[in-house]
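Below: one structure in structure tokens.
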Amino acid sequence: MLFLSQLINGLQLGSIYALVALGYNMVYGIVKLLNFAHGDIIMVGAYIALFSLNYNHHPVVAALLTVGGCTLLAIVIEKTAYSPLRLAPRLSLLITAIGVSILLQNLAQFFFEARGRAFPADRLLPTGTVSIGDATVSYTSLLTIGISVASMIVLTFIVNKTKLGKAMRAVSEDTGAAQLMGVNVNVVITFTFAVGAALAGVGALMYGVRFPLITPTIGAMLGLKAFVAAVFGGIGSIPGAMIGGFMIGLLEVLVIHMGYSGWADGVVFMLLIIVLLVRPTGIMGRNLMEKV
Amino acid sequence: MQKSNVLECVGLGIDFGGLTAVNDFNIEIGTTDIYGLIGPNGAGKTTVFNLLTKVYKPTRGSVFVNGVDTKNLNTVKANKLGLARTFQNIRLFQNMTVQENVMVGLHNEIGYNLASAIFRLPSYWRAEKKAKERVCDLLSIFGMQDMIEHKAGSLPYGSQRRLEIVRALATSPKILLLDEPAAGMNPAETDELMKNIQLINEKFKIAVLLIEHDMKLVMGICEKLAVLNYGMLIAKGTPAEIQSNPAVIEAYLGA
Amino acid sequence: MQKKFVIPVPVRYAINTVLIAFFLIAANSMIQGGGLGRAQTAIIIQIGYFIILAVSLNIITGYLGQLPLGHAGFMAVGAYAAAIFWRYHFLPDTANIIAGLIIAGVVAGLFGLLIGIPALRFKGDYLAIITLGFGEIIRVLIVNLDWLTNGARGLQMPRSVRYSSFLVVYICVILTCIFIHVIMKSRHGRAILSIRDNEIAAESCGVNTVYYKVAAFVISAFLAGIAGALYAGNFAVLIPSEFDFMMSINILMIVVLGGLGSMFGSVVAAAVLTYLPFLLVPLAEYRMIIFSLMLILMMIFKPSGLMGSYDFSLSRILEKIINFVISKKGGKNDAKV
């Protein structure tokens, strides 16, 4: 059945967007920064996975290296580029994030060359298909969806049950008050970037499996669409990011399936604009108001 | 409705997500009154200002300025109708000069169109020259006319508060809303400010509604007072009446 | 205290007009006479339209205080509008150039209106992302509207409509700078600046913030459209992928490095950033790495940019010199007495 296989296809793509969207979501919730470099962290992660798998590392080792590498990179970026600007105007921070994004892309281009490199997906996840009714679905699709959902459950647990997670929520509600209550804001911010990047690392692996051609610029469009997913679902909401991601993935697959692949990116951005105009806080978001 | 009231509120109220911040707020302010709005911290005084100037949309009730219902107006139109205000947390145009700050206040009075600006038509030069003279006139109330070239953000705190009043005055209001104008001023500065508020009231023949914690200032210059507690008006009257009102004393002493 | 000497307005205007005319005629005759090589001339023309792009983006980023990331979209609209019009050759050359530039500006301005109205409901990051989205949509439209734009293959520009000569480009540059200057030094400019500094205060001063935000968007888009037309008139083929997100970022870099809110800074930075890669050919490979690092370091250590909000004014410098001389003389006279 075509419908089912396309549905799974869309959910696979959507779960990648959802993983990336979560990173945007968490960082935005804490420091109110659209972290433009987030997509490029995924690009770096994809290269780490690629080289590590080509080096014949065990898939688990490669995965751990990828997630660890992304986390480390995000912490370095946060400490060197973002934290000196904590009290600066938002515009400066946003421009810095754009600068970091361009820097990562061009460093990657310098070291890894602009040409595309094949991602050895078959060494990471088992190949093969499974039949559900009339439809054939690949293992990788199901595994991607499964791993994403599992990651989100773990994240929900971290945010809701652990001490750091509670501190995160407190900082995103009111940074000043959280600080007065003895929360170490700097630690929380770094932790948030780290968790977001770890999810990005997982996303990088899933991206490599789905689109096995890695170039230095893959992060840009992926990051943008994931941000659209985050906005769509509602900034600051974990289930929102998940729903947003799945919706964007399904929409894109639908548009491509209808034969308008050239329009897919345009449709995603059109959706973003419509959502922002109709419901600026997204599906699950909360209203924010400036105090006068 | 009486014609002589510049501002009239009837049953004004607002809820924030189920929480009633201000309820059943009624007030009538005559064209040249100096009216004080007092109350403990968090009583909703600034919220009242935000309701009057349409920064917030009221949930209930109406506001009349010179008998005109402001129901469908936004902040800009409320200003054009004659409401000008200052802010508790100073909101100057920090990176602009003192002169430019006041000239933004004169924005609608200057009034030439885009074409006269682009082609530098005589109407541009005339209006700019007149506006600069007006700026000096207005600043001279507070003796600030020598500061026109200073950046507003670099002024001392007291001068920033005074500049905000001048900027509000520049919009030719019928009623001036002052949100804690004396906050952070020393007693000498406060005395000076008191005189200046009275001067403005007489010279421009406009009403003043002020929120203030400094009781000396409030009792000294206000002809009438309204007391707000937990978003409700608990008393209205002359300073003497308010001072002896048991409900007010209870609100302030928390008995 | 001595009264300061102020150069009267008509004199100031006369000095500036003479200087501008002198610069245009001198530089043009130098280029026409072969004083500059083909490559040098090409760079100077490139600098020209980047100046217009930067000063027009500066209206929104520097003066209005918002960060749109779709400036390349407006540029693309202008480029295609002018290119398509020019190719028909309805009019004799000079009229064709002027009409094409105006059409480019107006069409881009209409897009600015279309985008400005929804975008002004948002601030900061949301505005950035929504304008970025619009920019991408414009590019997707250009690629897919094959019948009009010849799609991804690119639109051929015959030699007869490659209008972007030094004189055409720099007349546009100068008119643009004057246009922005006269608007910013008026009640309309002050209204835009007041929104940047404090929107709520601006509203309570009676400034119609909605109107001015849209106006700033439209003016910025209009000028970007003209720059796009000049860009189109400079190449043999117009390719949609040139107008991507990176183009918007390049323009943003110029504005940020020059100093948010400084037109003079934008002009200098446009020249420096466009010329630098040619000057340092061995470093060309590292160009974007260096630029992005500069952007980050600039934000951390000198967020006001190279020029801060300083704007060059010849008459102000002249006034300073004259006043200095007067005060020297005055001082001597005082000493005698």
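Order of writing sets the chain letters: A, B and C. Residues in each chain are counted from 1.
Definition applied: a contact is a pair of C-beta atoms (placed from the backbone, for glycine too) under 8 Å apart; a residue touches a chain by one contact, two chains touch by 3 or more.
These figures come from a predicted structure and were not determined experimentally.
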Greatest centre-to-centre gap (Cα means) from subunit B is with chain A
Averaging each chain's Cα atoms, the one nearest the global Cα mean turns out to be C
Taking each chain's centre as the mean of its CA atoms, subunit B sits from subunit C at a distance in Å of 40
Between the Cα centroids of subunit A and subunit C the separation in whole angstrom comes to 35
Subunit A and subunit B have mean C-alpha positions lying a whole-number Å distance apart equal to 48
Where subunit B touches two or more other chains at once, the residues are 55, 87
Within subunit C, the set of residues that touch 2 or more other chains is 200
Residues of subunit A that touch two or more other chains sit at 292
Per the touch rule, the subunit B residues reaching subunit C in their complex are 53, 55, 74-76, 79-80, 84-85, 87, 91-96, 100, 103-108, 110-112, 114, 117-118, 120, 124-125, 127-128, 131, 167-168, 170-171
Per the touch rule above, subunit C residues touching subunit B in the complex are 9, 179, 182-183, 186-191, 193-194, 196-198, 200-209, 215, 261, 309
The answer for subunit A against subunit C in the complex is residues 28, 32-34, 81, 84-85, 88-96, 98-100, 102-103, 105-107, 110, 220, 224, 227-228, 231, 262-263, 265-266, 269-270, 272-273, 276-277, 280, 290, 292
Residue set of subunit C touching subunit A in the complex reads 61, 65, 67, 69, 118, 121-122, 124-126, 128-130, 132-134, 136-137, 140-141, 143-144, 200, 245, 249, 252, 256, 260, 285-286, 288-289, 291-293, 295-296, 299-300, 303
